[in-house]
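You will see two complexes here that share subunit A, one where it goes with subunit B and one where it goes with subunit C.
And then the complex of A and B:
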């Protein structure tokens, strides 16, 4: 168990350290990199407790897709310019509203954590039988697609809705943009593309009329 | 003492996995250039060693002795980390590739997910390199590659779902053993083609090498890199290509299984079949590099999102309905 303990403390200290660095580091891009490190160490913790499916999914979804898009957005923002307008320039309107929201969240957290009671002997009192003969991918699937199929499908639909909403909000039809239509290109025939003309001397031809 | 023994044992295994991979990456670079040369009626590298086999080693030696230049305005830490991450991720993924039923470093339950996760992390090396260089062309290359790799990952994921529907397990050995009677390249041939093209895009190979399109972006995300750091990007890229070939041969070509379980074939040891299949897929990669012109960026995106994604989704539905109708769904081991 010694090696197990060493790895557990290594990953958990790494996770806490990088979570702290996310909110304290000066550059936004560094924050995102620490966020990725945090995701990876939490994924490793998942794998250590035997939930290898959850760990891998965390890596694929959060690190492989979500964090890439975060990074993408943060790199495109001109962060230096924004800092100037927030802290140096005229009085910002963001700070009061931000303060209200964060104080509210802090109060909520205090209420929740203050009223928290740990159930005694949670491991022995739980009457859940863990079947070790099947992999946890199978067991997650056999629960998620039977008992919780409605919630699973509903969350999928909500995600789809938000995706469609985001596209509708940002989509605008631009004019005068050249687009390539494969159907048009392929369905052109010789008659519409090539024309034979007798060119009159010293007059030339007029095309596109 | 016991831990030390286990540790030494593991390190010994890892070293004997990593060194052959590095050597085969060097050989594969040579093969790539030879095939490229032959297609264009040139000789390719043929001077250093027999048939020019040591060309890559000579190149590596040259890179080692070159000066590493770090631009003054670059973000130093991330700039140095980027090639290291590319190289490490490319090597780490080989831990789960089975070369035979027993010859595998770690036979984990979610092997295919692990491979998918590692290949989706590959984009970080490129983004970090491009951003940390703090110059225009690398940044443009990094942005392009981020969009490109994320797009094609989606279709690779759905193709993997197709195969998993037929197998009923995420373990790579189970995937290979499920193809004992019929390689999946036959019933899932369209998916094999889509996988191959997506693998080209995922590894930034021509015709999808837009992140380093030399006609537009100098050398893309590698522009500011020099010496050994450039070489690490380059080796990582080829290790990734080999990995994609291995993934293709496990998913579709029956991994380490012989094509037919009869006399002349089943005498050849399993690892050789795996290597033959990887080499065959790599040969296709090399030929494609030589004969296909580069895509335009909007064409690339159109192919990924409007052609491959719907097509592979429809194929998932088809495969599932077929398996359900003929009652062929894998009942699993539980």
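And then the complex of A and C:
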């Protein structure tokens, strides 16, 4: 159990530390790297509580796709060396108004927590049977493709739409684009491709005519 | 396995979308083919729904519910979409929007609305909502070389994403406090006073009010209406509004049925605010699309007044209201397709001046449609308001009824101002003579319905009687 506790504290401290570094580090690229570190340590925490599927998905989706996308955006926008004058330096007008709004939201949340009342026996009333003999991935898959097939398919339709929508909003048919035509390439023969010319002395040869 | 029959319209629509995508990709300049194919698909889906009319079935672990209420709205949005396809055909070609994806994305949003209407579960509802809104973001900015259209798309996207986030937060709170995502089960467990669930209800209501552009959440409406191409504005003004109201009724009737005291005040406030702002802010507008945007805000206020009663007669009157609202707007937007000078579409109200001299029939249809929007007696729009206020008075909410009637008078001012410009001002701009049968047929059918509705005002009501049992 000691090893478990050590690993738990290691990953949680790492997660909190890197989360803090995401918002405080000067360079945006460093922020993104700390974000990736954060995702990885949270993924490890997931694996430690036995939710290995969630941990892996976190790694694949957030580290593999989202964070890399962030990195691309940061590098392309060339904001790597941007100074965070917002945070240091001259006085900002955003901070007081932001603080007021956050305090208000905090108070409202306290009101909700004050009147907190769970539905009675929420844990025991749920009719979920946890089968410990199969893995998480197996049990998620077995309901996703049977009971929740409609949700699964509908998510697929949403992805299809987002693809079509992205194409319609960004695709432009450009003029004068040189495209590769395999048929044209293969059907070239020696007569059209190779030309023999006598080169006169001191005159050279004109190629493009 | 025979359960699959209850979801066959949705499956057909999706397969039709895939077919239309394939046709669009493999044929060159396939817009006219794809739009005809889409109309055929929508007609086929209407046939399938009518074929299975009636009865109430719940499938997919009670998450998908097929009943008369959802069938009625599905047919309503299908018919209005077919009319939009027909009447906007010329406009779309003139504006060079004739890419084959255009009808396909509209069909995607219709598919999303189908799931919103049939949802009996928060997850299915949210998936349908996302499918519908994602299609609408693309549609709003489909005229991508036009800055105003792109701006409209971005504005709609950012605000709508925010409201979807609030709605999702509400859904998660609701799940936390009731232990279920199923509407029926939520309705059963929400009997007692539950502060957390009331928070959830408020968040969900904010998201839904955004979708129907009711007042505190209406900011996007004028800009998006003005920025989007007119054919898309036509779609925005008609179809998502009807679905949004239907979903509000669904939520109030099923999961929130037993906490009526809590939501009633909110709906009354939203309704009154929409009626007042919609009538006052429209007065200074010079662009007819912005005018119609404010007019639609105030119409949503009247429709929500019916919901505020929380009774079956109130819900029925709201459905009658939204049906007549759709018919009025189909006609009005078809008129906008005729406002064309030298091949360019005009949106200024002052361009309409003196229309009665050179185009008397066009001017007369404007007269019927705007009188009906204002709610002047023998026309259909009057009966829509009449039924709503009758049910409000039956529930003894006199203040709501009085404010509603007063705002009707205010809003009559700007409708009549347009009529005055058409009939009594000097002619400035001469419109082209557009010879397009489908636009004229849409205007004619809509005016015919509105002016003959008084013969049998209970016709929609009797159709709706069996919706709530």
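As a working rule, the second predicted complex is superposed on the first by the 133 of 209 C-alpha atoms of A that agree within 3 Å, B and C clash if a C-alpha of one lies under 4 Å from a C-alpha of the other, contacts with A are read in each partner's own complex, and residues count from 1 in each chain.
Just so we're on the same page, contacts are C-beta pairs under 8 Å (C-beta built on N, C-alpha and C of every residue); 3 or more make two chains touch, one makes a residue touch a chain.
Predicted, not measured: the structure shown is a model, and the values here were computed from it.
Visitor: Under the stated touch criterion, which partner chain does A:112 make contact with: subunit B (first), subunit C (second), both, or neither?
Guide: Only subunit C is touched by A:112; subunit B is not.
Visitor: Using the touch definition from the top, say if A:2 reaches subunit B (first), subunit C (second), both or neither.
Guide: A:2 sits against subunit B, while subunit C stays out of touch.
Visitor: Tell me the contact category for A:21 with respect to subunit B and subunit C: first, second, both or neither.
Guide: The answer is neither, since A:21 touches no partner chain.
Visitor: Regarding the shared-chain residue A:51, is it in contact with subunit B (first), subunit C (second), both, or neither?
Guide: Neither partner.
Visitor: Just checking: does A:68 make contact with subunit B only, subunit C only, both, or neither of them? Give me first, second, both or neither.
Guide: The first partner, subunit B, only.
Visitor: Looking at the overlay, does A:168 come into contact with subunit B only (first), subunit C only (second), both, or neither?
Guide: Touch status of A:168: second partner only.
Visitor: For A:151, is the partner it touches subunit B (first), subunit C (second), both, or none of the two (neither)?
Guide: second
Visitor: Mind pulling up the subunit B residues that touch subunit A in the complex?
Guide: 3, 75, 78, 108-110, 113-114, 116-117, 120-121, 123-124, 127-128, 131, 139, 142-143, 146-147, 150, 153, 157, 170, 298-299, 332-334
Visitor: Inside the complex, what are the residues of subunit C that reach subunit A?
Guide: The contact residues of subunit C facing subunit A are 7, 14, 21, 60-61, 63-64, 99, 101, 104-105, 108, 111, 115, 123-124, 127-128, 130-131, 134-135, 137-138, 141-142, 144, 176-179, 189, 194-196, 199.
Visitor: Hey, which residues of subunit A end up touching subunit B in the complex?
Guide: So the residues of subunit A touching subunit B come out as 2-3, 29, 33, 36, 52-53, 56-57, 59-60, 63-65, 68-69, 71-72, 75-76, 133-135, 137-138, 180.
Visitor: Write out the stretch or stretches of subunit A touching subunit C in their complex.
Guide: So the residues of subunit A touching subunit C come out as 112, 115-119, 122, 125-126, 147, 149-151, 154-155, 157-158, 161-162, 164-165, 167-169.
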